[in-house]
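Order as written gives the chain letters A, B, C and D; numbering starts at 1 within each chain.
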Amino acid sequence: MLVKLVTEVDLNEAFHYLQDPGAGGIDLFVGTVRNHAHGKEVVKLVFEAYAPMALKEMQKLAVAAQQQWPIEKLVILHAVGEKLVGEPVVIIGVASAHREVAFTACRFLIDELKKTVPIWKKEYYQDNSVWVNAHP
Amino acid sequence: MLVKLVTEVDLNEAFHYLQDPGAGGIDLFVGTVRNHAHGKEVVKLVFEAYAPMALKEMQKLAVAAQQQWPIEKLVILHAVGEKLVGEPVVIIGVASAHREVAFTACRFLIDELKKTVPIWKKEYYQDNSVWVNAHP
Amino acid sequence: MEILLFGITREIVGESTLTVEPEETLQTVGQLKAWLGQRYPALQKLSSLAVAVDSEYADDAQPLSPGQEVALIPPVSGG
Amino acid sequence: MEILLFGITREIVGESTLTVEPEETLQTVGQLKAWLGQRYPALQKLSSLAVAVDSEYADDAQPLSPGQEVALIPPVSGG
């Protein structure tokens, strides 16, 4: 598995790592910065991570996925720092013999990452900024 | 939408086309040549297409997906010609505001492509070759 | 009438285009399929065999007329 | 004891590390959370507040001891 926090997530790095003679299907999810959220225009995002714990939690998710499904290769890359609209911030990739596994495991990994990995996103709008999910 | 038959599918071309200010999630499915099929070792694949009809059918699938889900951008790239183990042969990409749509539409497109688009794959093993799906 | 052939149908017939003479008087897709099946029994052993007219899937009742682009579509296996 | 702070907890406290003096005698994660909530009422308004000990999520009963790495984990929002 390839699990990293980086300043720039690299789709080619992910794909080259995932290419495998035993893989028939590779699913790649790329989260990108959207220009609107909660009805407001977003200017940029800033990501902050508790790096050692974030890596540990991402590795746990990778292991959980590998225990549940027959996975050939698996990638989790997450960006930290400032990201502008349209830029990629997270890449999840799963290579498997069959595409069902690639889709299902990829979906599992991004869903769980958003629940448990200690990374925080601050959304900057024209007039203010907010730590996402911080308040009810 | 970007729908093409090509000799080499290009992941970067797909991703750059899909990047969109309104997209929060991009799902990319990449089908690659697996080293085994039906219990035999695969040496290479050769893809042949009825090009004008294949493009029309891929465009129909793209339109069907866009009618069903709120999609920002959509890519279908399929290779023709000889492909070796590990090489990509098809790329499906969907960009949407939310990741659920990206995953669901991407899965729909690859599943349907395999059913209706007039492209044929010949699998070459060590000792012989077979047109996939041709016989019961 | 010229019939475009792909994949295993091209290999069964041995050419990428099959010419059907006008005197065969094939008026529908169904008649064309029956005629082909008699001439090339190996076509009958395929999992399925569709016909496309002007690059659209056509059913057996569809009439054939000069100037159309007709193609045999054996079981697809893209992706 | 040093507490690592991230995201909104760093902004609420105004520093990226908070030092808790030994005389506070906080023996469990639960006691630490109660102490923090009193000193920084804004922490109580968060959707959730977890504590990590040695970079693992810890429940309220977990004992605290010197030499551990302790961190506040406000609601995560990666991805």
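Criterion: a contact is a pair of C-beta atoms (placed from the backbone, for glycine too) under 8 Å apart; a residue touches a chain by one contact, two chains touch by 3 or more.
The structure presented is a predicted model; accordingly, all values stated were derived computationally and were not measured.
Touching chain B and chain C together: no chain.
Among the other chains, D has the CA centre that is most remote from the centre of chain B.
Chain centres here are Cα averages; for chain A and chain D they lie 26 Å apart. In terms of their C-alpha centroids, the spacing between chain B and chain D amounts to 48 Å.
As a whole-number value, the distance joining the C-alpha centres of chain C and chain D reads 73 Å. In chain A, the residues that reach two or more other chains under the touch definition are 31, 110.
Touching of two or more other chains is recorded for no residue of chain D. A list of each chain pair in contact follows: A-B, A-D, B-C. Those residues of chain D lying in contact with chain A across their complex are 4, 6-8, 11, 45-47, 52, 55-57, 71, 73-79. For chain B in complex with chain A, the residues that touch the partner chain are 11-12, 15, 19-36, 85-86, 88, 95, 97, 99, 102-103, 106-107, 110.
Of all the residues in chain B, the ones that touch chain C in their complex are 31, 47-50, 52-54, 56, 78, 89-90, 110, 113-122, 131-136.
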